[in-house]
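One chain, chain A, links the two complexes that follow: it is found with chain B in the first and with chain C in the second.
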Partner chain A sequence: MSHRVLFASFEHEDDLLAAATAIRQKGLRIIDAFTPYAVHGLDRAIGLKPSRLTWVCFVCGMTGALGMLWFEHWAASVSWAVNVGGKPWNSLPSDVPVAFEAAVLLAGFGSVFALFAVSRLYPGKQARNIFPGTTDDRFVLVIDETNAAFDVVRVEKFLLAFNVVETCERIQDGGRYS
Partner chain B sequence: MSETAPSLRPPLITGDKSLADVTRDICAPMDCKPTGWWWAAFIVSVLALILGVVTVWYQIATGIGTWGLNKTVGWAFDITNFVFWVGIGHAGTLISAVLFLFRQKWRTAVNRSAEAMTLFAVMCAGIFPLIHMGRPWLAYWMLPYPNTRGSLWVNFKSPLLWDVFAISTYLLISAVFWYVGLIPDMATIRDRSKAGLRQRITSLLALGWDGSARTWHRYETVYMLLAGLATPLVFSVHTIVSMDFATAVIPGWHTTIFPPYFVAGAIFSGLAMVTTLMIVARTTMHLENYITMNHIERMCLLMLSMGCIVGLAYGTEFFMAAYSGNGYEQFVFKNRAFGSMAWAYWTMVVCNVCVPQLLWIRKLRTCLPVVFVIVILVNVGMWFERFVIIVTSLYRDFLPSSWAHYTPSLVEFATFIGSFGLFFTCFLLFCRIAPAIAIAEIKGAAHLKKPPARVSIVKENAA
Partner chain C sequence: MKSIPHVVPQTLSRRLITTALAAAAILAITALVAPDRAWANLLLSGFFLTTLGLGGALFIALTNVCGASWSVAFRRVPEAMTGLLPLGGGLLLVALVAHLPRYAWHHHGTGDAGTFWFKELWLEPKFFIARAVGFVAIWIVSSRILVNHSRRQDTMTHTATTSASGVSSILFLAMFAVSISLAGVDWIMALEPMWFSTMWGVYQFSGLILATLSAIIIACILLRRVGPLAGVFSHDHLHDLSKLLLGFGCFWMYIWFSQYMLIWYSNIPEETSYFIARTHGPWGPIVLASILLNWVIPFFVLLPRPCKRNESVMLKIACVVLLGRFFDLYVMIFPPVTGNVPVFGIPEVATIIGMGCLTALIFMRSFAEADAVPRNDPWLAESLHYHA
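Coming up: the complex of A and B.
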């Protein structure tokens, strides 16, 4: 479904944050923002929920730890029990270091690949070249125009108080802007 | 917040930069031709690397009998270098992960190069056990895979096996951490370079990054998770390295202080190496406004505190040996300090405990040449620490008739030089092809001045 959006670009994160908060207070919807770095507090200002990727990390870590503990137990005392210096075959303390490493490895890779999957980052993807400078020194807000009460001229005027540099209207279609 | 911060703390970036200036300055070394200094350093590094490759080839073809080892001293130069390089790597993780969790914003100037250093140092470390196997093409035997011998599994009760898992996990997680940090900067380079090879490569590596707030939000979560994972990882890695020794019943090795002692030593040596590289990068790549004296000073203070912890560990070791009432333990320590290898022990003490005390003096820790000399001495001292622990615990063992001496062979020296060649070749290439400072992170942390308000337009509209 395509709809019209308003792009507003700023030069400083403080302007972006203030504008985002004010716009949401006016009852307008912010679709996204584009920034050259992670702006502190922007997630709350545009109303993003805490990421659930922490759960992915937890599940992957537990899988790594428990899977490796099971494997060590199975290899050292079921599949081929080897007597090492008279130590017990299944000695849990000596299984901990490798299980820990496996947990870290799986949790790390799991959460990074989950990030790539959820944010659709993959090699060869073309950046949706949204606005020049968003990876350099521009902060851009994308405001939804579908609300019937949306008045572009008024919103543009309203944004001037926040040192807006430039505004333009675009069409959003799925994840693309044209 | 942004208005009051600079008055409380020295600014992270000096020279009144705008965001665009930051991008331009950090990318500048990649845009222009390398300097004469860079070429000189690169040529020396590559020569050292070639020397290393040739000697590694020679010792694998001939056998590790080319080393100076004997029946009594069966572990010496090789494992010293291994522990030395792993230790160097740890400061990178300390800076990128531990200081991130502690919200130390000044880390942004150094974390990228410290992470790169970690990666290259762990690569160098990994080479030594591989060579020591004698048949490195069978290295995969260290992994538990279904094989035709039973399957005969690996021995999960051995710290040497834990090491295999610890080092490989550390290498992989460090690589991922580094790459994830690079993605937004790759997008920055992609967007500012003209169509061509560089743009194609960076756009491949940037994975289509567009700076969307939703992506940033998830990215920050994952970065935090990686930092949280890397922090216990770095402690576990050097704990396990220390257990290679501590679980052996050799006086001088068999002590419970080893894990914290090794971790502190590792971070200490790594900080010295990061500072060495920082000073070199600052001077050769003109990053004085980004790697400021404030950064160098903070690194010095960290080094000073780590040096004191290491000094405390040396003292504790001696105290415990005396207190244990164990004759063998007491002999080893007396022999370390006053035996025929006392020169190595005192080199270590002077470099690691005495020299860093100079950093208490503000004038000295803000003087670059002095700091440079101190960090080099700490690097030397930390190499000797491992050498002292390993060789002086072995060369006079329980049986006086088997006492021996250890002299490293030329092949061992050449291999060690070769590992420096690999490290610096990788590091110098990294400085050329990737931004040496994390652009996106430093922009976020530096809280740059607001550009002048666009009053004129507002007035025009109001009228």
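Coming up: the complex of A and C.
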């Protein structure tokens, strides 16, 4: 589904933060923001939902720990029981270190690959810089235009109060802007 | 920055003193009826309070050495905690000096002077007491130096004390690492003179830092509620302290398990005696409870972000961890002193309540000695605008 978006670019992070807060108070939706560096408080200002990556990490970690505990139990006392130092075959303490490592491994890889999948990153992907200034000295807000009440001229005038430098309309199609 | 006046409320102060005296009276009666049990409680409370005060100094030194700016806004809280050192150290020295014969090695050494000649030398009573006095003295002096650097800064406009506190902090950390390991070995591991663990020093550290972070969290939240830290201590500060608590909870469990697994795997009788006494039989459930309180509960509660930023959740979790610290020490100290069956009743509850009252009392007085915020610290502005 494609729809129209408005790009508004600023020269200072304070203007970006103030504009983002004000735009959301007017009932408009902000799709994204592009900045040269991480801006503190921007996630709250553009109304970003809390990341779900933590849950992916937790589920992967638990899968690693419980899966490895089950595997060690199966390997060491069901499939091929081996007497190690006279200990019982099913000895939990000896299983803990490997289960711990498996939890860390799966949680780490799971989080990274989930992040890649969600943000559609893969090796060899070409960089698409949607607005050249954002790698240098420009802070850009992407505002949704699908609201029927959206009036480009009025929004542009409203943004002048926040020292907007440039605005332009683009088409968003999936994750792409053209 | 305007300093906010704060005084110790008189009625609260009187109530705390009364309760602490009642607790002391209960322990005095216990000393007549069951001297071993009273001594174990005394040693536990002395060690608990000393390490809490020492932990405050450790937090200041650690953040100074890291060049951390986030913690500056509430640094007066760990500074005030160091005020616990004289009381904790006093209780500890009373326990050690007045009742040295309660250590099994006191009368007849370790029982095998030929094999354990170094241990015999190390546990020579005069040397033992001199070390204890030395540790407590050096901790009090060094924490005073750290606190004084910070308090002197309040009246200065240049940053000479900031760099001086950096150097003191580095020296403190080196001294701390050695002294806490030796002190833990001296006062607690030596209760069972024939037993040893190479993990003991780091195990003591892990419990100390866990209790310290909990106490800082409780103090900061309460001080924000009653005023002095209102508008200073933010959700982002709380969030970071909670993250540290979560991390060090895992660290405590990691160290606890490492010690257990090393001993369980090698299965040498002289090493396993510690865990056999504590995991086979009636002490077992208490060991499990200390693991539950120190790691399992805090771990799962502290994983979600909203919990780490919620002050009522954090207040409860910090109390759970402090109780966990009590049971951790209880499991270390009581079995060799009071025997194979756990004793828990009025004297232990009195110890917990008494320690709580004394901590609150001394903390409030110590906190009132200086401004609530280190107002001339060069990092203060950055700390006040901190985002986690």
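The definition used in the following text is that the second predicted complex is superposed on the first by the 174 of 178 C-alpha atoms of A that agree within 3 Å, B and C clash if a C-alpha of one lies under 4 Å from a C-alpha of the other, contacts with A are read in each partner's own complex, and residues count from 1 in each chain.
Simple rule for what comes next: contacts are C-beta pairs under 8 Å (C-beta built on N, C-alpha and C of every residue); 3 or more make two chains touch, one makes a residue touch a chain.
A quick note: this is a predicted structure, and the numbers were derived from the prediction, not measured.
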- Query: Just from the overlay, do chain B and chain C fit on chain A, or is there a clash?
  - Reply: clash
- Message: One more residue to check, A:G41. First (chain B), second (chain C), both or neither?
- Response: second
- When the two structures are overlaid on chain A, which partner does A:Q25 contact: first (chain B), second (chain C), both, or neither? neither
- Message: Comparing chain B against chain C, which has contacts with more of the residues in chain A?
- Response: B
- Go through the superposed model and pick first if A:N83 touches only chain B, second if only chain C, both, or neither. neither
- Message: One more residue to check, A:Y122. First (chain B), second (chain C), both or neither?
- Response: first
- Task: Considering only the touch criterion stated at the top, classify A:T54 as touching first (chain B), second (chain C), both, or neither.
- Result: both
- Task: Have a look at where A:A161 lands relative to chain B and chain C in the superposition and call it first, second, both or neither.
- Result: first
- Note on the structure: The shared contact residues of chain A with chain B and chain C are 40, 50, 54, 85, 87, 94, 97
- Mind pulling up the chain C residues that touch chain A in the complex? 257, 260-261, 264-265, 267, 303-305, 387
- Query: Mind pulling up the chain B residues that touch chain A in the complex?
  - Reply: 2, 18-20, 23, 144, 150-159, 161-162, 165-166, 169, 172-173, 176-177, 180, 183-184, 187-188, 190-192, 203-222, 225-226, 229-230, 232-233, 236, 240, 440-441, 443-444, 450-451, 453-454, 457-458, 461
- Task: Would you tell me which residues of chain A are touching chain C in their complex?
- Result: 40-41, 50, 54, 58, 85-87, 93-94, 96-97
- Query: Given the complex with chain B, which residues does chain A contribute to the contact?
  - Reply: 11-12, 14-15, 32-40, 42-43, 46, 48, 50-51, 53-54, 57, 61, 71-72, 75-76, 79-80, 82, 84-85, 87, 91, 94-95, 97-98, 100-102, 104-105, 107-109, 111-112, 114-116, 118-130, 132, 134-137, 157, 160-161, 163-165
